[in-house]
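Consider the two complexes below, in which subunit A is the common component and subunit B and subunit C are the respective partners.
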Partner chain A sequence: MKLKNTLLMAAACVTAAGGAMAEEMTIVSWGGAYSKSQLKAYHEPYSAKSGVTILNDDSSAEAVAKLRAMNEAGNVTWDVVDVVASDAIRLCDEGLALEIDADTQLAAAPDGTSASEDFGDLLVSDCFIPQIVYSTTFGYRTDMVGDTPPTDICAVFDLDAYPGKRALEKRPINNVEWALLCDGVAKDDVYDVLETEEGQNRALAKLDTIKDSVVWWSAGADTPQLLADGEIVMGSTYNGRLFSVIEEQKQPVAMLWDAQVFDLDGWIIPAGLSEERQKRALDYIMFATDTQRLADQAKYISYGPARASSAPLVGQHAELGIEMAPHMPTDPNNAQNTFLYNYEFWADYRDDIDAKFQAWLAK
Partner chain B sequence: MRALMLIAPLLVFVLLSFVIPIASMLFRSVENGIVSETLPLTVEALDGWDADGDQLPDEAIYEAFVRDMVVAIEAKKHTRLGSRLNYEETGMSSMFRKSGRALKKLNPDTDGPFKDQLIDIHDGFGELQTWRVIKTHSVEVTNGYFLNAIDMQRTHEGAVSQPEDKQILVKLFIRTMFMSLIITGSCILLAYPISYLLATLPMRVSNLLMILVLLPFWTSLLVRTSAWKVMLQQQGVINDTLVWLGLVSDSARLIIINNQIGTIIAMTHILLPFMILPMYSVMQTIPVTYTRAAKSMGATNWTTFWRIYFPQSIPGIGAGSILVFILSIGYYITPEIVGGTKGVFISNRIAYHISSSLNWGLAAALGTILLGVVLILYWAYDKIVGIDNVKLG
Partner chain C sequence: MAALTPISRKPLSLVLPTVAVAGAVAGMFVGASNGSVVLGMLGGAIAMAAVASVYITILKNEQYARWINIIGSGLLGFLFGGLLGGILGLLAGWFFAFFIYWMYEGRYRRKLLPYMTARQVFWHYAFRVICGAIFTFLITPILVVLPLSFNAQDFFTFTPEMLRLDPEGYSLKHYRDFFSNNEWQRSFKNSLIIAPIATVISVSLGTLAAIGLSQSHVPGRRLIMGVLISPMIVPLIISATGMFFFYSDIGRFLEGTLGMNKNFVGYVKVVLAHAVLGIPFVIITVTATLVGFDRSLTRAAANMGAGPVKTFFSIQMPLILPGVISGGLFAFITSFDEVVVILFVGSASQKTLPWQMFTGLREQISPTILAVATILVVFSIALLTTVELLRRRSERLRGLSPA
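Moving on to the complex of A and B:
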């Protein structure tokens, strides 16, 4: 708290000084390759067009807590924030994010389709402007699975056919869905089952069968490292991380797209900005989420654009020169069996099931 | 007066940047104004309702609720209340979010009666539990967060234990204390001989040794922790070496990471300088003449050490132990990276509630308990060893 306050005070001084210079905005994102793709696809063309200087802040992982602290201190220093959809919903519920009207405040598709239709179901919250579709899915070591590489998500739970360690994320989300799916629950019934006490226990019981062979990760970079070192035979992580292990680092790893879970990442604009800053943020959003810009981002990272109209425009990787479409989680070949992260369900059950999950882990 | 003026800048700084923020954070562990502020009429009306009975609230309460909600929805506060109540009863979050749209259209003056309409909008409004939760958590100063922090919950029937499969926090408190003690102990064992060497070797050699102690101290915590991962994992440096030496078979590589051993090894290494430095500075001040005198009077090496040298080095051990212990019970990032499931601390849950679930009340309660435990241990230490027996040099 002490540190946070000092930081807030420092940030306040910086903005106070920056206010005089005008035409400057702070955009918060995840850092690393992801921020780089945004820099190339969005920030650079936008700065060239509008003359606004864009400052980057790699704080998305703590965005919700920090925005709340800023809001309470009455001094929001961020203009546009990149968050995952579940965080956007939380921010919207807490009144910390601005509500957006897709049709008037976002660009229409080139053929005139309205933004709300172009994004479709992906507009999961009133405050959220989707940017990319990413997926949490499995990668496996091709040299550790013998002659029968896994094609089915249930390979994760099959210790006889695929002995060795697996990496799973240290949280219930996704893991319990996969567990139920492999325990014979039909895909459409998964969340109905999970709502019940027995269903939750059933999922944990299924996970129990592989518990001793699981390495639990909490940072997206863990699974790629564990795969590269041969610590694990398969593990879940974000598909973009696996892309770089396979295509950039050329490790003997392949994708198991089955039952991948789609999730969304996108922008929110903090509530409580001054009129001038809000106008600038909206102008940036209008530009950065149009059809071409979203397609451009896919040149730098293997995440699918959130607009239907962007998909045909996805081209080759800017440095590797390979076609990006087959690496997109949304590519028809990869998307034969998918889940969409159930935001409504997890907003309600996250804390409850997480407590059970952590208690189960500690057992 | 002049003395006060002289320290005034520092005092103001400490107050502003340390005391006030911490106090306000701790205050959140009991503060609970949100329910009665968002639903003032409902809370008042629920006063007369018997939460232990099996009757739903009557129409007057539903009407009060609609009046409150229309105002709250206008101010966009209803979802915030939903999130707050969802900490206590799963499902409240979506209930408040979903019913918001329908409730907004109601006019409290003309559209009554509301009871059936509300139950139509969401089944939850027809459940006793919903109203019990609202009533139970309508107090402005609550013990609810503290109860949650010790695996209990506040219900209409008073404080009861959480279901067994959700009990985790007390276990984590105990584990945090226990492992911090082990880490402190292993730091003492490792630091004592090093500090002794540093204090007794000739200046030139001890300076070099000192740099070796300080070098890791200056390296980023994350780098050191990640390095331990590379060392300790099953395909890591230590296991590879052991297999190569033939001490361990390839199929039975040691599991020394993602468990308690991993946390203890990595944290002992990271906190070691905090033990070495105070020990070293105390040992430096122990006059060599005492040990010489003891030996000249016929004491064996062991007696000299145990009866003469060791008692004089205790203040250093005390200071180092307090430092290491207090630092380690608050450690978060190292257990997260190398702790797996059995090696995580209570601070990992505090971090979760601060940054993921946004349940700052619970996080504050956990933090307050941790602070209380430290103060009690400090007091106990003072009683047993004596705090004036602690020296940093």
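Moving on to the complex of A and C:
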């Protein structure tokens, strides 16, 4: 009897707790400092304004696979999902994401510029609402490079001048481009060369020269940890992670902005939500991607806002009080030599080059 | 144990190589932290052999040799490694002073039987060294976590301040983060809701199943047993994928057709999935206890007019309780530790502690995970100790000898 009562009571508690939270939405993102910046800049003000409780699910890394499975099971539990642009393009092609009309469903800039113009080229897919511009770039230990800190991306491939381990992401994207750049290919020709079999082999051959000194990472948190440990001399990761290592954790690390690769991150809304949930998700998106909100996020993490109209509003870091503009990947000083990630190329060649890269890794 | 064997001094040809081997093992750790394992081993072996031969052939006084060794190696450690190095040096110095004379005076034979051959003596100690090594490898990874959770930095790194035992290098901020951070608190609460309910379900169903399957007249009981135990044998990822689709349908039915609350349904799904994972552990432990259960007791109870339910609760249950409890503990830990099935079946509002630790580890290597791990280790030790104490107490009360 006692047992039964306890069970019933527990069940009642759960139901009551569930019932009390009337409106709820699940927002999927990357976790860590990035989710925290979204919590502060978007979720908290939105909850205060609308009374909707927001649940965080840090599953963006497997968003595509999970959305496919959810869709197949007919049980989509996510309301808004944060993904990188290439994932958004895939999801949109597969019909797993809702198409958005930028001009009617997103807020216009304060001066009246329409959203589609404000975002400009960054609207790379009909389903994708860009949020930030981030870059993948290198950080190095200032105490391990001697008197001549690296200024050039090719330092990564120069084992004589900068001996020691370097961390690279365990996938071909970015790595093969950097390899070709340092093998003497002009920036504009990189993707033409990569289209060919010889070009791909050439990139891998260049990577082969440093293979023994590479630590391969797969999570954005790996390189910061390795740098803090002094296990590596330099390593690639997202610029916001390096910002946190340098400015928040005060580690002896500096940025090598040269040949940084820009990429976009933003929202999609899963297709197949109930009408009520879709309406709420659209309302959230309208709020969270307006000019002020995008600029607010930059107070917590050093990623550039995707709207042109947000850039002048970027201020100081909320806790450290330092100016954020010089830490943005889009700042003119940092963006002297940037590399543009080619979505179409990678959409076409990703599986091929991935297989080749993995085979090379295992060799 | 009193001395069994009269002892005699051993020749240097035996003492020095043994001491050198011990020195090499110690040197390996020093060498590994300084970059070269081989150099460390060589250096340790030569240094210890040299020190031992000086003590034995020149100094010839054990008391002096011991103090010289302790203080000398403590000082060396302090010079190279600061306070922590000093402490380790003192310990190593004490050990080697003891070890050199233990070998030289032949004390290692004192408590062994006099007729043991050299080979038997060797294996006697080699066995203990191997056991000690296995124990060390099992426990060190857990122990490493404890000091790191007090790190003042946000990395999994022993900072120089920590190695100097400087209070600046330590802080409780990761513990504060765990207790103040909403995400951690929510997942902790979820774990505390899901694990006990799943445990109660697995214990009730598992015990019933075990009792039923122990009756010899049940047809096909081996097959049924195999099916019931399969969640333990089938790779978890496969069960999880299957459960995802299975519970999606159930969830749709409960939500859509019966109109139940979405959150409540989410908890029901996870609790059921975890109960399924826990049942095999209960079945196995209860079946094992039932082997020693005397069936004539149930017949005696029936003879005196007790119904099957009464018999079960007053006769059988108290006797098999230890098996039920340990099965329940396993079921609880299975649910509390589970990270694969919850990732598939659960949604964000059912996020449990292991899920939060998993994403935290992948997206941000934050020592908050270590703080949580430390709390969990302490919690599990407390839990196991309590259960063991209760068991001994009940045995004492029932007049059985304490195990």
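The criterion applied here is as follows: the second predicted complex is superposed on the first by the 341 of 363 C-alpha atoms of A that agree within 3 Å, B and C clash if a C-alpha of one lies under 4 Å from a C-alpha of the other, contacts with A are read in each partner's own complex, and residues count from 1 in each chain.
Criterion: a contact is a pair of C-beta atoms (placed from the backbone, for glycine too) under 8 Å apart; a residue touches a chain by one contact, two chains touch by 3 or more.
If you're wondering where the values come from, they're calculated on a predicted model, not measured in any experiment.
Applying the stated contact rule after C-alpha superposition, one finds that A:D57 touches subunit C and leaves subunit B untouched. Looking at the shared chain after the overlay, A:A65 reaches subunit B, while subunit C stays out of its contact range.
In the overlay built on the shared chain, the residue A:D229 is in contact with subunit B and with subunit C. When the two complexes are overlaid on their common chain A, residue A:F262 makes contact with neither subunit B nor subunit C. Of the two partner chains placed around the shared chain by superposition, subunit B is the only one that A:L361 touches, whereas subunit C remains out of contact.
Judged by the touch definition given at the top, the superposed model places A:Y191 against neither subunit B nor subunit C. Residues 6, 61, 219, 225, 229 of subunit A are contacted both by subunit B in one complex and by subunit C in the other.
Put simply, subunit B touches subunit A in their complex at residues 16-18, 21-22, 25, 76-77, 79-80, 82-83, 86-87, 90-94, 97, 162, 165-168, 171-172, 229-230, 233-236, 258, 336-337, 340-342, 344, 349, 352, 354-360. Remark: subunit C residues 153-157, 183, 193, 197, 200, 204, 244-245, 248-249, 251-252, 261-264, 267, 347-349, 351, 359-360, 362-366 touch subunit A in the complex. Across the interface of their complex, subunit C is touched by residues 3, 6-7, 10-11, 14-15, 17-19, 21, 24, 26, 28, 30-35, 55-59, 61, 69, 72-75, 77, 219-222, 224-225, 228-229, 248-249 of subunit A. Across the complex, subunit B is touched by residues 1-2, 4-6, 9, 61-62, 64-65, 68, 90, 92-95, 165, 170, 201, 215-216, 218-219, 225-226, 229-231, 344, 347-352, 354-356, 358-362 of subunit A.
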